[in-house]
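We call the chains A, B, C and D, going by the order they appear; numbering starts again at 1 in every chain.
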Amino acid sequence: MYRMNSDYTEGCVEQVLKKLVETNMDQTNGYGEDEYCDEAKALIKKTFACEDALVQFLIGGTQANFTLICASLRPHQAVIATNLAHIATHEAGAIEHTGHKVLEQPTSDGKLTAAQIEAAYQKYVTDPARPHWAQPKMVYISQPTETGSLYSKKELNDLYAVCQEHDLYLYIDGARLAYAFGSDENDLAVEDLAKTCDAFYAGGTKCGLLFGEAMVIINDKLKEDFFSIAKASGGILAKGRLLGVQFGEIFKDGLYFAIGKKACTQAKRIREAVLARGLELVTYTSTNQIFIKMSKEQFEKLSSEFALSHSGYLPDGSYSIRICTSWATKDEEVEKIINMIKEL
Amino acid sequence: MYRMNSDYTEGCVEQVLKKLVETNMDQTNGYGEDEYCDEAKALIKKTFACEDALVQFLIGGTQANFTLICASLRPHQAVIATNLAHIATHEAGAIEHTGHKVLEQPTSDGKLTAAQIEAAYQKYVTDPARPHWAQPKMVYISQPTETGSLYSKKELNDLYAVCQEHDLYLYIDGARLAYAFGSDENDLAVEDLAKTCDAFYAGGTKCGLLFGEAMVIINDKLKEDFFSIAKASGGILAKGRLLGVQFGEIFKDGLYFAIGKKACTQAKRIREAVLARGLELVTYTSTNQIFIKMSKEQFEKLSSEFALSHSGYLPDGSYSIRICTSWATKDEEVEKIINMIKEL
Amino acid sequence: MYRMNSDYTEGCVEQVLKKLVETNMDQTNGYGEDEYCDEAKALIKKTFACEDALVQFLIGGTQANFTLICASLRPHQAVIATNLAHIATHEAGAIEHTGHKVLEQPTSDGKLTAAQIEAAYQKYVTDPARPHWAQPKMVYISQPTETGSLYSKKELNDLYAVCQEHDLYLYIDGARLAYAFGSDENDLAVEDLAKTCDAFYAGGTKCGLLFGEAMVIINDKLKEDFFSIAKASGGILAKGRLLGVQFGEIFKDGLYFAIGKKACTQAKRIREAVLARGLELVTYTSTNQIFIKMSKEQFEKLSSEFALSHSGYLPDGSYSIRICTSWATKDEEVEKIINMIKEL
Amino acid sequence: MYRMNSDYTEGCVEQVLKKLVETNMDQTNGYGEDEYCDEAKALIKKTFACEDALVQFLIGGTQANFTLICASLRPHQAVIATNLAHIATHEAGAIEHTGHKVLEQPTSDGKLTAAQIEAAYQKYVTDPARPHWAQPKMVYISQPTETGSLYSKKELNDLYAVCQEHDLYLYIDGARLAYAFGSDENDLAVEDLAKTCDAFYAGGTKCGLLFGEAMVIINDKLKEDFFSIAKASGGILAKGRLLGVQFGEIFKDGLYFAIGKKACTQAKRIREAVLARGLELVTYTSTNQIFIKMSKEQFEKLSSEFALSHSGYLPDGSYSIRICTSWATKDEEVEKIINMIKEL
């Protein structure tokens, strides 16, 4: 039995594990005040070409999102996102728990458009009763999106342009960021990401680490006392060096991007087999997730050997099935599932 | 220049004002611990045939809503409402400010349906990742709705039945409750309202008082320490007897319902004039609000004598104009606007 | 039976009531967008010599406090106050409900000292684990204090100096502000109050109005979108003109200060009778509250004719009894209680 | 240079690391729905003799505290704790951030007494203005305390008795629980802990794991939907099995208690050397922390070889220095510091 139901079914990449073992008995200060963290932060800032950014390691994705959002907004302010956004769905209302409304915009491919931001902003700003509404102040997107799609460089620039025009912050959830840069359809240079937003995080949990997310804050207005707000939000790890050790390894020599590339390549092989077999994609993706329309029988057949994610029903009653590759997906698994797909 | 742009353009009905003047120098205890409040609460419980209810006077509508909701829900729980609900629109994100998500359901006539509740509940309860979602636990409706429509007795019973089946609380915002019972299309007995919900409030601000809302909590689970939560929410008036005095007067001898009836009758006269003139209604109403499709010119012509509310643009670019009557609307105003409508 | 147990046992001063009656059927816009509010705000700014201030009318004191505090602070920030401060005692945890810690400082006379602020700030700023603590960012005081004492001009200037030195906001709760200026020991000019703080409110509820508080924000940093945050906090009155009408009357021709003066004079007469009788004060006051040490028997004797407030037990088991005068206290009441005190 | 400044300077115990390495490429479900978690939970329930408890693994201590507290309390409720409690000090206001007041009680030895709880409860319950106060509903203690002291079995039973009498929840923060049971002065059986409280957590971060805390909820009232509230609070690890693997190892064959014992023994050796040298303890401890009164010179001398924690100044200007042992403290370190202490 194999698992392709998510990208967090294994532990961490070999190099990271090795380094954790090697450094296990080292003595360091707590809470990220150690050399491993210093070096990893420097490496991340260099990688993303944002020397003046503030980097803060956090533990998980939901936490990264609500901490950044609640640190950035005043009590009456809200965040624009798609209705499929992680903050609108699988965070158990965490953003509202910190006091802020998510202004959900409809999407079919997981992406938000600059036109939607413009419309949401105009709806607010032109309303004579404007002070009676929650105020849009931040835009949240994921790269790649929750449904595996990818923003192009132009799309990101357009999103950021409309945000800057209206004094909205743009925040990018990079839970699967390695798989964005790993897509063969990606046209954004790594060094350009920080130029298209006010803050983003480079995900570790889904991209090769045991756990951990690297929040990168570009906009000075969002930096002040971020550590304290993260502390009050439960996001600061006592043995903070564990995050420094992990991120230091995964960003060394381009490993983060290499594992992303590999996972996307494995996903592409499966996607091509799906299409070759004549199955339909529920939504187009070029990253590490594939959403396939299947009959109940097809799903059950595959399920005899693979744990997959049944992510919903389609209008005609058939299934939407997610297959997920990751840094850990082995060739034998890919070959096995391709062979099974051929015979569906 | 007259105002028909809202139902809170004047002070309070004559009897209420008279009683406030008469009792002005009376000395009483604060915070609602006085005889005026005791009597008014008893009168309200008798009126709505709910002797075991807890009645708590609050100051305003937004406050009434977020206090009841935050007192009722645990941190991960959410409230189902339409996308036009007051809590989803003109409360500046007050519900989220207390930590809870509003699960917005689309509506065109302002009403929520039992089928929508069922669907929202099923979406949650059948999701394998259910514990990762905000949990629907309360349903919020307004009677009449924000767009002036009215739930029938059957509709209310159906809503409450689905709520009870799934252990959801049903809460009714009665900001304009007098105008619900005043509609000639209303088929719900006053004594039946408390049987169709877990809590409701009878609005004073829009229904004849200077200010004030009477929260009526039927379900025992929602009663405990409600005063303290209202206090922490800024909802307790120091000179609480002002609410007792006002509610005592307005519920005496059916005055609340008489003023509601009168406002609906005035609205009906205007509505009929609108239809006679050949204008279209944006949405059908039988209460004290009328939404009319007008050209810019028609709106401006009426605006020379009446302050009205321009509540939005219709798909063809024409205006949606709200005319609002109230307990205070005088015959001369109604005649005046009818004459102007005839000549639009 | 008379009531001297609080300063909110009656309605409002005659002139205010008269104006409310006169303007009752006027039609105005809602939410404070009316001429009465405009005029009252201008009058208040002129009175306190702060033409650039933002004035926002709110409904009650607890609400005024938590709204200003939550609008001013970021998530990890805290407010310094005495352990007898209203925000630390009789607000049911309202400040914490908005997410902020109250850093309580011990007091015996109700006053906070500049030295206490300095010490609390130094404790924070010199702690190597500083980012792990709630950050003091605002100082809350009441003028007069909850126990009736009064800050001198020098004390206020000293408090503000230490606040400005450490970039802390100073906020003054003026629930009984009329009685501060009414004390014959007050040495602060009305025009100087706004120069000693970042924000204050002039209380109406306890100072002659039916209800209402006038928040006056001096510091530009605290002004932005204050209306929206007040709206989300339930502090905006629909019939906002009621606050404009009331504050417009009470600040006309120095009425606010005249009623304050009168109440303090009445309190002084009673205080002198208390001392003449040989009773002890629990704490010294020169405003409208008197705290007297009494035996159970003395308290019960007075209670036969007066409702008074039993505010606690003293170490030797005797009672601390509060007598409260107000704008409404009549000469006959004062004479009556003085005669009874003589015979205790 | 050695570190004895905290008990989280190293990674994790050898057996835990070994198991993490062995299981690294195992594929499991996320969020704790895996066999490692199931087994570890069963082991913990067996160890603490509470088969009906709900066990939920969380990531860190601050998070464990605020999640349990906010899941347990209604909006107006507060938690009683000492002024040295972790929730009152080093959590950056996290409890208030979730909306709840910490009712701080003075302590010199870090312990709360049953008498203090009784007094705080009586103060609330006998106040005529009770509904205007934050309501005490939970008691928070740490075992061992933040200053290294230990509750006896009788003390815990007394605390729980007063809590049960007044319907207050008792919650025990066991961040250093291994070191409580490791003290040679401990008289509480492991199987009795769950009988003295409504919930506790067994700390992993400071007791041999990389990170992680095991929340054990005994009282049924506090169990419902705890996972969802933890999710909304950022406390759920995606690769949840990492917590199962770690707790499964540390609770196997009494390892948790063995490492606690060892650390306490090391601390005892140092404490005895301190006393033999004629130095004073700041506060008496029998667990893994020692607080010693030192001159500046003595501290600096020790600091040449050991990183220690300067936890404050004593009234006479001398230093309070914390020495902390842990599961990782080696004999050579202990011998080294003892030799240095002899020569201070």
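Please note the rule applied: a residue touches a chain if its C-beta (ideal position, glycine included) is under 8 Å from a C-beta of that chain, and two chains touch if they have at least 3 such contacts.
What you are looking at is a predicted structure, and each value in this text was computed from that prediction instead of being measured.
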Greatest separation from chain C - chain, by CA centre: A
Comparison of C-D and A-D by number of C-beta pairs in contact, larger one: A-D
Between chain B and chain D, centroid-to-centroid distance (C-alpha), Å: 50
Geometric centre distance via CA averages, chain D-chain C, whole Å: 42
Intercentroid distance (Cα basis), chain D paired with chain A, Å: 33
Overlap residues in chain B, where contacts from two or more other chains coincide: 75-76, 91-93, 97-99, 131-135, 228-229, 231-233
Chain A partner contacts - residues on chain C that touch it in the complex: 31, 70-71, 74-76, 98-99, 131-135, 224-225, 227-229, 231-233
Complex contacts: residues of chain A adjacent to chain D: 2-3, 5-6, 8-12, 17, 20-21, 23-30, 59-63, 66-67, 91-94, 97, 205-206, 210-211, 228-229, 231-239, 242, 307, 328
Partner chain A, residues of chain B touching it in the complex: 75-78, 89-93, 95-102, 104, 128-129, 131-135, 310
